[in-house]
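Labels run A, B and C following the written order; every chain starts at residue 1.
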Amino acid sequence: MHILIYGIINSIALSLISLGFALVYSISRVPNFAHGALYVTTGYIVWLLINKLTGFPYPLAILVGIGITGIIGALIYRLVLIRIRGMEISEIIATYAIGVAILEGLRWGGLRGMTFTLPVFIPGSVDIFGVVVDYQRLVVVILGAATFLFLYFFIHHTRIGLALRGIAQDERAAMMLGIDSDMTAILSLGIGSALAGFSSLLLLPLGNIIVEAGYSVLIFAVAVCITGGLGSLMGTIVASFLIGFAQILTDKFLSTHYQMVVALLAIILTLIIKPSGLFGKQKELEERV
Amino acid sequence: MEQLRKERVDRSLKVRTEGLYAISSIEEILYLIGPRLLFVAGILLLPLIFEAAPYWKRVVNVMCAYALVAISFDFLSNFVGLVCLGGALFTGVGGYFTAIYNRYFSFPIYLSIPLATLSGALFCTLVLLPALPLRGVYFAIITLMYPLLFSRIIEALNVLGGTNGITGIESFPDPYIEHYAIILPMLFFLFATRRFVNEDIGLVFRGVKDNDQAVRASGINVTLIKVYAVFIASLMGCFSGAYIAHMYMWAGLSLFALDFSVIPIASTVIGGGGTLIGPVIGSFILVPLSEILRAAGTLRIVIYCVVLTLFIILKSEGLMIYLQRKYHQFERWVKV
Amino acid sequence: MSGEAILSVSKLSKSFGGLRALVDVSFEVKRGEIFGIIGPNGSGKTTLINCITGFLKPDGGKVYFKEKDITGLKPHKISQMGIARTFQIMRPYYSLPAYKNLIIPLWSPRAKRLGGWRGGGRHGDRDTVAVDILEEIGFERDSRVPYKLASTLPTGYQKRLELARCIALRPEIIFCDEVFSGLSMSEVAGMIPLIEKMKMEGITLIMVEHRLRELFKVADRVMALNFGEKIAEGDPREVIEDRRVREAYLGREGV
């Protein structure tokens, strides 16, 4: 029972982490390797707001934090990625370098140690089938599911969402139909980064804000997205459940160290066996040369 | 308003010395081999120059070790088209192999380093083997993940010294041996790879980068070529890792750390990819820079990353290509 | 034209997802002939080449080269047996000079085994052999053209370079995937003698072509594909008169 409940929580947490990354990739084909850095940044901004400005309300801080992260993401595209569009490896190196710069910059700026924590939304815990679960984790599950439903609706049933999907499927055709691909890419990076921020605010209250989280979040997101198939939201969900449960199982029977090993192995094995992932739509010819 | 355009003209000396035509004067000979001679002599003399500053003598070794990893990155990415974002895989494997040979089997240092280089390279090639038929991006992501995976596995299993690493590895008997044990191989690999990429077999490697389908249509097994290429590159990386392990008398998880992946890439981008000497120059700039900034902690990584990003988005050609152009050509403004 | 079949394809099929790109295509090519494959866009011509030369794995059917089953072999194995091909999308080795482009096929096991172009030229002087081949295919030997970077060559020369890359392998069959496309009339006129010369030397040519007029000047026999199915085969004049071929190209009303 413990495994089931914590498996579900962990899986939803993973899918929350990965949604931003998956969304950005599925719309603009940019592998946003600065994802983890944005995750930590939001947490840090909110921490600064509520601790350094006395009396700053927590909910407002959350909104501001998410907003700033979204803007940072959009700026990354506008200032950097726009110049190297389509050169995938340059995109990876550039976004990764930006991410590392942000993370190490935060570390240098004083984000060290265990003193950085965010308050939980609702304190306390509840007993579910004999397993103690704190309310924050329940919030994660509920908001996580809600976010997914919202995103699904947004992409499939709104005008902007359809435009975004159009871009994802055929950039050139979409451009001919008058959809500005750069604008949508900026938008997608903004939304994706805001999602990274949103997930961080849900998850960080469960632990500390540490720089290392940035790296592990990135790896988890990449693991989930690659296993599920880059660009497929459905695959992202399925993969996060697979990896989520695998992590909880290794956690239970081996040790916590294996969480990362599971994620890394998932990436490597998926890429070797079926690079387009479980739900990938890429053609056979595109993945192998 | 009159418009000006920059025109580049080959220097007459370059034209005269091009190809197999007669070389008739000292001036021409110097033009051809001068820079190379200066470069080699300069590097060989480095330990003597830094005799005055003992702290910096170690930096010379580190510089050369990074340069070797950077050459291997440049070779793989610009001559074979395999972008390997995990130079740390090579250094880590090399370092741990030498540590195992030296500490657990008590091989002497002059045996453990070559052995670690060879077997490490073999090991790296084997683990990268399944990733070789993949598209560039996937290969890049896999190589980025491997060093992380190995360090996490060592940590999780708590083998090979766990997080503490393997200590008490034999050091070099003499500081000068220590210097030249990296300088000479570095120069050897540098000139060997430069020679190699212009040989017929080297052209095949470059063909794989330009158009692997056509190479395949020419009856050549592309995957096999990539295996050779990865083996050559990992030889360089593993040697460098083994050397570093012996220099610090310690093989730890930091051999798998980000530095060994990021600095070589940054060096290559700054120095000029595709020249093989560029990465050496790049790491000769970046490594001392990071020593100077050591007090600033992780700020140096920030600086690397910012510089790297700037070079990438400005699509800079790199120092070496710039220097080569200045050396061979002069520029003038002409009216359009 | 009579003679043994050098290549015979039987019931080859391939589909991508739901799209049937090739449906039970069968044909035979005789040694030494020029065999044309025509068909409108998307009729499966390039897929056919890819399946025969090993770049794609066919879903069904067999390919025999000199009575040997070569279905599903790796591309490099197939080309080592003597089946060369050009690519529809020209991509020479851009970073190399034109003549160095030929070093790669010359380095391949097949060329080594056969001892280079026309048996001459051992390992030492691949460069000379390369320039010989380029001269053969219409690069002026004494000009600077063979030594220029492949990326700076005009399209006509790049097409020739593609062919030269095949010839360097000393193949028995060359698949030409639209070698005429993108060339001017005069450039095509320059290519035709080359193709006839290759035929004289006993190389079997299989040409996939859009430009029917030029193809019919050289082809001995022609096969027409439409939506992955063979709709006609035979003498060029007969094929072009065929009702189904006309329909495929012009639409039902156009006939």
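We take it that a contact is a pair of C-beta atoms (placed from the backbone, for glycine too) under 8 Å apart; a residue touches a chain by one contact, two chains touch by 3 or more.
The structure presented is a predicted model; accordingly, all values stated were derived computationally and were not measured.
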Name the chain whose C-alpha centroid is farthest from the C-alpha centroid of chain A.
-> C
Most heavily contacting pair of chains is A-B
Round to the nearest whole Å and give the separation of the Cα centres of chain A and chain B.
-> 33
Rounded to the nearest Å, the gap between Cα centres of chain B and chain C is 41
Starting from the mean Cα coordinates of chain A and chain C, work out the distance between those two points in Å.
-> 48
Could you list which residues of chain B touch at least two other chains?
-> 213, 222
Tell me, which parts of chain B touch chain A in their complex?
-> 83, 85, 130-131, 133-138, 140-142, 144-146, 148-149, 152-153, 155-156, 212-213, 222, 258, 262, 265, 296-299, 301-302, 304-306, 308-309, 312-315
List of chain A residues in touch with chain B within their complex | 31, 79-80, 83-84, 88-90, 92-94, 96-98, 100-101, 104-105, 107-108, 219, 222, 226, 254-255, 257-258, 260-261, 264-265, 267-268, 271-272, 275, 286-289
Using the touch definition up top, name the residues of chain B that touch chain C in the complex.
-> 200-201, 203-204, 206-207, 209-211, 213-222
For the chain C and chain B complex, residues of the former touching the latter = 53, 55, 74-77, 79-80, 84-85, 87, 91-96, 100-101, 103-111, 123, 126, 165-166, 168-169
